[in-house]
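Letters A, B, C, D and E name the chains as they come in the text, with residue numbers starting at 1 for each one.
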C-alpha cells in the first residue's frame, strides 16, 4: 500500500497555499486596487517584518504575549474540560447551568476590560482574565457536544461492566469527546491568542498588542501589517502543533486513520 | 437467579409507538442455561436489555439474585448484538478485554492470564494488538465474547453472539460456552436465531411470539447433559426438538401476520 | 506607602497614552526630573482616556493623562479625579497646530463653514473632537447641528477620507502632517478655533494619592513640560523612543504647546460647549476639577 | 420545575453579585443596573441601536454559516484542498479582529457591510473548523454505501455529507452564535455612531457604569434568547441524532 | 461478468501488516450465483470490497463486464456486513430504500412501487416510516436487503446478509433472492457462513482458505436448478455437498493453525 500524501507533499501544498496568498497580497496594492499607503504590498510588509525580527524588542513583546497566551489557554482548557465533562455526565447539571452558560457566553471579553483593570490593572492578570474568559467557552461547548456524542451501545457496554464514573470518563467519554475537544483546542488557541493581543492593545499591558497599538497610533502602516503577519504566522505554528498532537492522540479515529493510510 | 415477572416494554417516540414486549414471565435458575428464540423483531434484544438493567421497563419487574433490577447488576456480562459498536475503537483488542478486569481491580498478572486465555479461546491471540476496526466482523464479535468470558461473570447475557462467525468457529465457540458454563455454573441467557444451536446449548429453550411478545413455549430440552457436536446433534431426539421449535417459530410468525 | 524624608524613591505608575502629546513625561523621565523628586516612574501605555481614568480610579495608576472632555465627564459621573498639571495645549495658531480637520484636495469644502451637514470622522464620539469641530463651524458662521460624526480611529481616518467614505476627518499629529503630505487639505484648526490656548489634556490623580507625592509629581511634571516646550528638538528625539512614527514625519510634525499652567478659562469653555452640544448632561464646576 | 432548574443558578449568581457590589465604582448593585436597564433600553434606543445591531448580527451570522459550511464541506472532503488552504485559513484565524478591522474598512468601507464582514470574520471559524472535522469523521460504511448506489455530487453532499456532519456543524453554529454577538460589539467600536455595541462602549467611556452593565446584561439576554431559539432548531435538525443512540444526550 | 485475476490485498498500518488476500483468481459468469464461504477473518469482506471498487487492490485486477474496476461500477448493489452502519440514521426506512432510486432518476410512482414491493418482500411494510435505529438488528438487515433489491442491480454483492434474522425469515429471504436471481438474471456473489445456505443457494460454492487467502476449492453444485427449502435440502446429494464443504472449511482453518 502506498501513502498518498506524506508529510512533505503536505507541506508542499501548504506552501503553495501561502504562496498564493502572498501573491494576492502583493498584487492587490500593486495593481492599485487599494492604496499602497494603506495596504503596503507583501514584499514591503515582509521586509519590515524581517527588519523588526532583528530587534530584541519584538522578541520580548512576542515572548510576553505568548506567555499570557500559554498560561491563559492552559487554565481555560483545563477548567473547561473539567467543567464540560462534569456538566455533561452528571444528570441534571446541564439543565441547571445551561441558562447561565448561554447568558455569559456572548458577553464580549472586551466589555470586561473595566472589571479586569479594576481587579488586576495593566498586568498579566488582566490579560489572563480576558484570555481565560474568552477561550473557556470555546472549549466548554465543544466538550459538551463531545460528551453527548458517546455511542449508546458503547455506553451500555461500560455500564454493564460496571465501569466506575472515573473509568467511564477516562475510557469512554474522553476518547469520544476528543475529536471535539481537539477542535475546541484549535478554536481556543486562536481565541486566546487574539485576546492576548487585544488585551494588550486595549489595556496596554506589554506585548505584541501594545506594539501594534503604538505602531497604529504612529501611523506606521507597514509596521502594523508586519505585526499582523507575525500574529498570523504564530497562528499557523500553533495549528501545526495541535495537528501534530491530534495525529498522536486520535490515531484510531476515522478522520485521522484515513489521513495516515490511503 | 433471574426472575422476570410480567415484564412489559413499550417504545414511545413521536409518531411511533411499538409495544415490543406484551408480557413476559420467565425465570432462570442459578447456573442454568436458557436459550431464547423468536422471530426477528420480536423483542429478544429488548428483553435482554431490560434484564441487564440498561432499559427502563414499562411494567412488571426483573429480579436478579432476588434484588430488583434498576441498573446493571454486579458481575453480569453482556455480549451485544451490535458487537461492532460495543468495542472501543481507541483501544486495542487486548485493552478492550482488559478494561473490565482493571475495573474489578484484579492484579496485573491475573489480568494478563485472563486476557491471554480468553483471546486464545476465541482464536484471536494473534490479533491482541490490533484495533477493532482492523478486524473482520467475525473477529470483532469474538473480541466481544472474549471480553465477556474474561470477566468471569455470574450471569451472562448473549445476544446472537455467533451470528458473524463461520460454522466451524461457531461450533468451537458453542463448546467454549458450554465448557465455561459447566465449570463455573454461569447463569446464562442466550439469544440466537439458530434453532440447532438453541437446542444444542440450552437446558431450556424459550420461544417468543412476535410482538406484542409473550412466551409462546418454554421447552425443556431432555437431551443428555454431556453434549457433543457430533453425537448430540445426530440423536433422533435432537431432530424432534429441533423440528418442534421450528414449527413453533413458524407459528409465532404466522400469528403476527394474522394481525 | 508614604516614604519619609530621606527614604528611598517612591514607586509611581503613570498611565499615559503613547502619542506626541505625552512627550514631556517621557522626556522628563529621561532627563531625571522625576528622580530628582525621589520618584521612580514607570510609564504604562494606555489606549485612551477612559482606560487611564479607570486605571487611576482603581488604583493601578497614581497619575494618568486624559483629555479635558474625558476628565469633565468623569467628574460629572462623580469619579474622584483631580488635575495636577497641564497635559498638552493647542498652539492657538491657525495652520500650525497639532490638530486639524482635513478634506480631500478636490473637495468642495473650502472652509470650516462648509463642513455643516457633512460626514466627519472623529476618534471618539461625544468627546473633545466633536465639541471643538462644532466650535470651528460655529465660529465660521456655519450651523453645526447637521454634522454627522462617525467614529474612526485616527490611523484609519486618512484611508476613509481618500476613498470618500467620509467628507472630512479630524486628526491629530502625526496624522495631520502625514495626510497633508499625501495631499489632504486642512479646512479648520479646531483646537485653535475652540478657545485661545486651549488646554487639550491634563495629568490627574485621585483622592487616594497622598498630598506630598502629588506635590512632588506636580513639580516634576511641570519641570518636564517647561523643558519640553523649550526644547522641541529633544522632543523630536524622544518621540523616536516610544512611538513608531517615521523619522521623516517626526521632523515635520507640528508640535503642540506644553505650558505648565492649565488654562482654566479654556477648560470652562470646553465644559460649556460640551453642555451645549449635549455631550455633558449639566454644567460642571471646573474649579472642583482643576484646583 | 423546569423553570426552577433554569433559574436557580442565575438567582444564586445575582445574590452573589448583590453581596459583593457597592464596594467599587465599577461594580454597581443589581438594583442600580436594573434601574439603568429599564431607563436605557426601554426607549428609542431599542429601535435605533438594538434592532439594527441585531439585524447586522443575524446577517453576519447567516453569511458566516453559508460560508463556513460551503467552504468546510469541500475542504473536509478533499485532503489536498485541506493541505493547501489550512495554513492560509489558520493565518487569518490568528489575526485579532480588532486589527483586522482597518483592513476590512479598506475593502468594504465603514458602513453596514464592514460591520457584517467583521461579524463574519469571527463567526466563520468555529463553523468552518467544525464542518471540516465533521466531514472528515463521516462514517466509512455510509460513505461506501453512497459510492455503491451512485449517490454522488450535490445529492451526496445534501443527503449524506451535510446530514452526517450535522452534529458537528451544529456545534460550530452554536459556538458562532455567541461569537457573533461579541464581534457585533467589536465591529461597532469602529466607524460607528449607533448600535448596541457602540452604546456600551460609549457608556464605558463616559463612566456611566450602571448603564454599561445594563448593556452587558442585554447582550447576555440577547445571547440567551438566541440560544434558546437555536436549541429549538437543533432539536429538530438533530432529532435523528439524539434519538438514534449515536449520541446519548 | 465478474473476473478476478490474481487479486492480492495487504492491509498496512503502522505496526501491523495483514496479508488479507494472498491471491484469488475467480470468475463469475453473467447471471450466475456464486456463494463464498471461508473461515472468519479469511478475507471475504475484503474480496467483496475489492470487487465493488471500494478498496484499492494491492495487486492483480478485477474486471466487471470487461471493464477494469477502479471505482464502484454502475448498477451494482452491495449489502454490507455492517448493515447497521450502512443505513442512514437521519432517513426513514422508506427514504433509505428510495435514495438510490432517486439517484437513478426513476419517476416517483415507479419508485413508490419498487420501495413498497421490496419492503413487502422482506416483511417490513409496517416499518416504512420508522428510522433505522428504531428497528431490531434483523429488521435493519432486511432494510439493507430491501434497498439492494429495489435498486434492480445487474450485479449483487451480499456479505452475510441473513446473519441477523431468524431461521424462518432466513428461508424466506433465501427464496426471495433465488426468485429475483432467476427472474432478472442478476449476477450474484454471496458471502455466507451458513454452509447449508451456500449449498442451497449457490450454483457454485467457492471455499476460501484462511489468510493469506487463496481459493481452496471451487465447487460446482450439481443439484437440480429448481430449488425448494424442503425437497432440495432433503436430497442425499445436498447432504454430501454440505459435508464436503464443511470438511473443506475445517481444512482451511486447520491450515491456518499450522502456520
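In this section, contacts are C-beta pairs under 8 Å (C-beta built on N, C-alpha and C of every residue); 3 or more make two chains touch, one makes a residue touch a chain.
Everything numeric in this text was worked out from a predicted model, so none of it was measured.
Contact with chain A and chain C alike is made by D.
Chains joined by the most contact pairs: A-D. At the far end from chain E, in terms of centres built from Cα atoms, lies C.
Mean C-alpha positions place chain B and chain D at a centre distance of 48 Å. Centre-to-centre, using mean CA coordinates, chain C is 83 Å away from chain E.
Chain B and chain E, compared by their mean Cα positions, are separated by 26 Å. Taken residue by residue, chain B touches two or more other chains at 13, 82, 85, whereas all remaining positions touch fewer. The residues of chain C that reach two or more other chains are 54, 58, 153, 155, 159, 163, listed in rising order. Those residues of chain A in touch with two or more other chains are numbered 35, 38, 113-114, 118, 151, 153, 201-202, 216, 224, 253-254. Those residues of chain C lying in contact with chain D across their complex are 48-50, 53-54, 57-58, 70, 73-74, 77-79, 121, 124-127, 148-153, 155-156, 159-160, 163, 165-166. Taken in their complex, chain D has these residues touching chain E: 139, 141-142, 144-145, 147-152, 155, 159-160, 163-164, 166, 240-241, 243-246. The residues of chain A lying in touch with chain D in their complex are 4-5, 9-10, 13-18, 20-21, 34-35, 38-39, 88, 92, 94-100, 102-111, 113-115, 118, 134, 137-138, 141-142, 145, 147-153, 155, 179-180, 182-183, 186-187, 190, 193-195, 197-198, 201-202, 209, 212, 216, 224, 227-228, 231-236, 238-239, 253-255, 258-259.
Note for the complex: chain A touches chain B at residues 151, 153-154, 156-157, 159-164, 167, 171-172, 175, 178, 252-254, 257. Partner chain A is touched in their complex by these residues of chain D: 2, 5-10, 13, 24, 26-27, 79-80, 83-88, 90-100, 102-103, 106-107, 125-126, 129-130, 133, 136-140, 167-168, 170-171, 174-175, 177-178, 180-182, 185-186, 189, 197, 200, 204, 209, 212, 215-216, 219-224, 226-228, 242, 244-249.
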